[in-house]
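Below: a set of structures, written as C-alpha cells.
Okay, so chain A shows up in both of these, paired with chain B first and chain C after.
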Partner chain A sequence: MESREGDSCPDKSRQECCVYERIGEREGELKMIGLEHYLILSALLFAIGLLGVVTRRNAVIVLLGVEIMFNAANLSLVGFWRFRPDALAMTGQMFTLFSITIAAAEAAVGLALVIAIYRHYKSVDVEEMTTLKG
Partner chain B sequence: MTFAFCFFAVVSVVGAVCAMTLRNVVHCVLAAILFFFGIAGLFVTLHAEFIAAIQVLVYVGAVGVLLALAILLTRHITGTEGPKETMKKWSRGILTGGAVFFALAAAIWIEKGWLAKKTAVSTGSVRQLGEVMMEKFVLPLEVVAVLLTAAMVGAIVIAMEEFVKKK
Partner chain C sequence: MRAIDYIWLIPLFPLVAAGLQAFLKRPQKRVSMFLSIAAMTAALVVSLWAFKDTLGGGHHDEPAKPNGKEMPAGSHAAEVRNGGAKLKPAPEYEELAKKSEHVTYRATHNFPWITMGAHDLKLGFVNDPMTAIMLVMVTFVGLMIFIFSTGYMGEDENATRFFCFLSLFAASMLGLVVSNNLLMLFMCWELVGLCSYLLIGFWYFKPSAAEAMKKAFITTRIGDIGFFIGILWLYAKSGTLLFYDNGAGILEDANVAKLAAENMSFFGVYMSVSSAIAICLFIGAMGKSAQFPLHVWLPDAMEGPTPVSALIHAATMVAAGVFMVGRMYPIFDASIVDGQLVHAMTQAHPHPTPALTFVMWVGAITAVFAATIGVAQNDVKRVLAYSTCSQLGFMMMGLGAVGFVAGMFHLITHAFFKALLFLGSGAVIHGCHHEQDMARMGGLKKLMPITFVVYLIGMLALVGAPLTSGFFSKDEILLAAFHTNRIVFAMGVFGAFLTAFYMTRQMYMVFAGEYRGGDLHGHDAHAHEKHGAQAGTPVPPDDGHGEHDKRDDHGHSHGGMPHEVPKHMWMPLAALAVFALLLGFLGTPFIGGNLWHHYLAPESAAHDVNWMVMGIATGAGLIGFLLSRAIYGKRAVLADGSDPLQSKLGGVWTLLNNKWYVDEIYGATVVRVNWICAALFRGVDASIDWTLHAISWVTIGISSIWRWVGDEFLINGGVDTVSEGVRGTGSGFSSVQSGKVQNYLRIVGWGAVGLVLVVLFLTREHWEHWLSK
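What follows is the complex of A and B.
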C-alpha cells in the first residue's frame, strides 16, 4: 500500500512530509528567536485586544479588539507548530486557517448586528445596549 | 531573523495599541490594518508563508474593508463623534489587560526551561498543507464551508430585517 503523507508522519521522524532542521546542535553560534518570544508577544497582543474590548464604547472598535485577540491566538498556534516538529504535520497551520475562517464569519455577523442595532438605537455605544427586547 | 522578528513585533504592537486607543474611529481601523500586516510578517518569520498570504487577503482585504464600511454605514464619517470613554474605564481596562498579560507571561516564565528546549523547527510547503487539508482535514473543511455560508446568509438577514419590515 502506498503510504499517505501526513497520516504516518509523527511515527517516523525522517519523512518527506516533515523536514526537520536542527538548529539546537549549533548552540551558541547564533542567538535565535525562540518559541517563548512569540508566546510573550502573543500574550501582549491578546492583553491589548482585551483592554480595548473592556474599555471602548464604540461597538465597531470592540469587534476590532476581538479580531486582535483572534490574531494573537493565531500567532501562538503557528509558533507552536513551528517549534514542535514532533507534532502532527501541518496541524498548527490548519488550525490557524480554520481560526481565520471563523474570525471572518464572526466579523461579518458581528458587523451586521452592529448595523442592525444602529438602525434601531441610532447609536453604536455598547453601554446604551441594555435591553434584551427591542 | 532576529531583526525581522523585532521589526514586525514593534509594528504589530504599535498597530494594536493605536487601534485600541486612538480617538478617531477611522484612524483605529487604519492602525488595525497596520497590525494585520505586522502579524502577516511574523507568520513569514515563522515560515508559514501561505498563512501570511491568507492573513493579508482575509484581514487586510476583507475585514479591513468590512470595518471601514461599518463605520461609514453607522454615519461616523469624520470618525471623531461618538461615545467617549472616561478615565475610570481606561484604568479598569488597563488593570484587566495588565492582569491577563501578567498571568500569561507568568505561565510562560514558569515553563521557560521546557520552551527553551524546543529548538528544532518544522517546515512545510503549501503542497503538504493542501494534501493534509484534502485528506485528514476534509470533514472540518466541509463544516467550515457550511459555517461560512450560514454566516453570510445570517449577516444578510440581520442587516436587512428593518428594510424588509418597512416594505
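What follows is the complex of A and C.
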C-alpha cells in the first residue's frame, strides 16, 4: 500500500492513524471492511466459544467451543496482520498456520483425554466429573 | 579405783539385758531368764562394791574439789555436807558434829548432758549411804525374785516378755536410785511407772488386768503432775537440778537456805518456799507410794503376776516415793531460825516443817485407812497389798515425824519381809493351783511346811514381833512419832494393832485348820466358780485364770491337793527370811550404838531408847494377835463360807470390804467429770468436722459452677465457636472448588473481563478522544 498523506490525519507522526485513514477513508469511497470488523467478529466468536465451553454439558462440545475460541484468536491475528502498514511477508498467515496445527494437535489430545475420561466415568457429561472437588 | 566411776554400770547391765531380751522369740524362755539373772547378779556385785566404798565414811576436812573427777587417787574423798555454805550452822548441829566425827561418804560424778549456749544441763551419779543401801536392797531382793520367777512363771508362754520387762524395771529402778539429778530421777520414775504398767497388765487379755494397768498408770500420773510442778519450781528457783555439785547442788545448804528464807502463801497456808516445793514433790510420792487418796491403784495392781507384786508393789517401785522424799529431805526439813539454816532432823527436839507435817499426816492417815481395809479382804494378795499401802504410810509417817533414819530403815526392812510375804503368797497360790481366795485355803501348814515357816517369819517381821527386823524399824518410827505428835503416835499404834490383827487372821485362814478349797478329785479349775458369790466377798479373779487354761498341765498326779513348791522357788524365800530376821540388828540401839543411824545420817539427832513406847507398840501388836486368834483361831471361815468377823461388825465389815467405796466415789466424781468432758469435746470435734464438710461442700460447689461457666461455657464454648467459624468459612470457601472445570472457566472469564475494564479505565486518556468522534 502506498502511503498517502491525508488531511484527516491530525498527527502525522502516528503511523497507525495514517494507515487507518489510508485504507478506509478515501473521499467518495464506500467504507471498506476495517479492522474493527475483524476484531468484533473475533470477539463475538470468542464469546460464543467461551459460552459454549462454559455452558455445554457434553465434553466434546466443550472441545468444540475451545476450537472456536482458538479460531477467534487466529482471526484476530490475521486481522491485525492485514492492517499493518508494512505487511511483512506472510507473518500473520504463518503464525496462524502454526496455531491451527497446534490447535489440531491439542484437539487430538483433548479428545484422547475425553475418551480416557469416558472409560472412567462412563459418561461425557462434565457435570459429573467432580472428583477434584475440594 | 572408786565405785562411783563405775556406778553407771549398775543400771546398764539390766538395761542391756532388756534390750537383748526384746529381740528374743517367745520359746527362748531359758535364754531370757539367764540374761535377767546374770544382769542382776552383775549389778549386785557392783552394788556391793559401791556399798563397801560408803562404809568408810567421809572425812571432815577434805576440801571440796571443783568436780568429782579430780579426787586424788586412792582416797575416800567426799564433800563435806556443808561445803560452800555461807551460813553458820546452828549451835546444836555443831555439838552433834563434834559428837560424831563421821561425816557421811558422798561421791558424785556429774557430766554435761545437753549444752545450750553457755549453759549446761548436767546429769550425774551419786554414791552415798542412802544410794548404796538401796542399791544393795534392790539388786538382792530383785535377784531373789528373779530366781523365784523362773519357777513361778516358767510355764507361762510369755515368760520371755516377762523377764524382759523385769530387766527393764530393774534398770529403771537402779537408775532412779543412783541419779544425782532430779530430772534423771524423774525420767527413771516415769520408766518404773511404765514397767509397772506393762507388768500389771502382763496378762492383758484379762479385762480386769487391762483395767488395772491403766488405773495404775493414770493414778500415778496424776501424782506426777504435782511432782513435775515441784521440779519446775525448783529449777526456776535454783537454776540447776543436780543434787550435789560441790556446794552448788539443790540439796546443798546454799540453795536450801535460799529456798527456806523466802516465805509465801501456799494454798492459804503461810510457809517457806522450800516447804511448798517439798509438798509439790510429795504429791508425786503420794501417787507412786500409794498414799491416800491416790492409793486406789495398788490393790488392783495385784492383777499382775505375784513376782511383780513382790518386786514392784512391795519392795521397790512403791518405795521409790519414800526414797525420793528421803533424797529430797534437806528441802523437806529446812527452815530458817534466827537467820540461820536449820535442818529439823539435826535437832534434838525436832519441830517438823509444814512440808513434813503434811507428809506425816498423810502417812498416818494412809497407815490406818489401808490397815482397816486389809482386815476385811479375802484375797490373799489383796491383804498384802493393803498391808503394803499401810506400811508405806508408816514410812511416810516416820519421815514426816522427822525420823529420817527411822523411815529409811523401815523402807529397807519392809522391802525384805514384804517381798518374802509376797513370794510366800506366790508359793501358796502356786501350790494351790492358782487359787487366791483365802476362804478356800487352809491347812497348808502341814501341806507346805517350808512355805509356812518362811511366811511365818515374814509375818512376824511385819507385825513387829520382838527382835525381828520389823520390830526395830517400826519401833523407831513410833518413837519419832511419839516425840513429834501424840495423835499421830496413837494412829501409828492403832495401825500396828490392825497390822497384827489382819496378819494373824491371814495366817489362820491360810495355814491353820483343814484344807477347804479346790476339788479333791482331779485338776478341775472350774470348780471355783461354782462356789458362787458370797455375801460381801467378791470372788476374785484367779491369778492368771485365763492363762491357766492355755498352759499345759504341770503333771500333778496327786489330785487337787496343794503341794510344796520346788527348791528353786523356796530358796529365795529362805534367803529373804534370813534378812528379815537379822537386818533388824543393824538398827537397834543395843548393838554398836545403832549402826544404821551411824551409817546413814550421823548428824541427825538420835532419840534415846524409850521403853514405854516400845512397850506400847509391842502391846498393841500382842493385843491384835490375841484378838485375831480369838476370832479366827477355832474356825477361820464359817460353815457358809463367810468371815466370822462379818457378823460381828455387820455394816462396818461391808464398808471395809468395799474399800470404803473410794473407787465408787472416784467413779461418780472424777471419772464422770472426765466422761462429760470427753463427750463435750466429742461434740466440739463433731462440729469441727461438720464445719469442715460444709466448707468442702461449698468449695466443691463453687468449683463446679466455675467449671460450668468458665470452663465449659466461656473457654470451651469460645474455642469451639471460633473453630467452627473457621471451619464453616473454610468449607464455604472450599465449595468454590467444585471440581467442575466450566465453573472455573466462568470465573476466569469474568476475571478477564474485569481486568480489561480495569486496564481500559486506567488507560482512558489514550482512547477517550476516540469516543467524541
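General observations
Throughout what follows, the second predicted complex is superposed on the first by the 101 of 134 C-alpha atoms of A that agree within 3 Å, B and C clash if a C-alpha of one lies under 4 Å from a C-alpha of the other, contacts with A are read in each partner's own complex, and residues count from 1 in each chain.
The definition used in the following text is that contacts are C-beta pairs under 8 Å (C-beta built on N, C-alpha and C of every residue); 3 or more make two chains touch, one makes a residue touch a chain.
Remember, it's a predicted structure, so these values are computed and weren't measured experimentally.
In the superposition on chain A, contact is made by A:62 with chain C only, not with chain B.
In the superposed model, A:41 makes contact with chain B only, not with chain C. Of the two partner chains placed by the overlay, only chain B lies in contact with A:111; chain C stays clear of it. In the superposed pair of complexes, A:127 makes contact with chain B and with chain C alike. Shared-chain residue A:83: touches chain B; no touch with chain C. For chain A, the partner that touches more of its residues is B, with chain B and chain C as the two candidates. Once chain A of one complex is fitted onto chain A of the other, the partner contacts of A:54 extend to both chain B and chain C. Overlap of the chain B and chain C interfaces on chain A: residues 50, 54-55, 127. Interface of chain A with chain B (complex): residues 4-7, 17-24, 27, 31-41, 43-52, 54-58, 60-61, 63-65, 67-68, 71, 74-75, 78-79, 81-85, 87, 89-91, 93-94, 96-98, 100-109, 111-116, 118-120, 123-125, 127.
Every residue of chain A that touches chain C in the complex is listed here, in rising order: 50, 53-55, 62, 126-127, 129-134.
Partner chain A is touched in their complex by these residues of chain B: 1-2, 5, 9, 12-13, 16-17, 19-21, 25, 28-29, 32, 35-36, 39, 42-43, 45-48, 50-51, 54-55, 58-59, 62-63, 66-67, 69-71, 73-76, 82-85, 89-90, 92-94, 96-98, 100-101, 104-105, 108, 112, 115-124, 128-129, 131-133, 135-137, 140, 144, 147-148, 151-152, 154-156, 158-159, 161-162.
Contacts from chain C toward chain A in the complex involve residues 734, 737-742, 745-746, 749.
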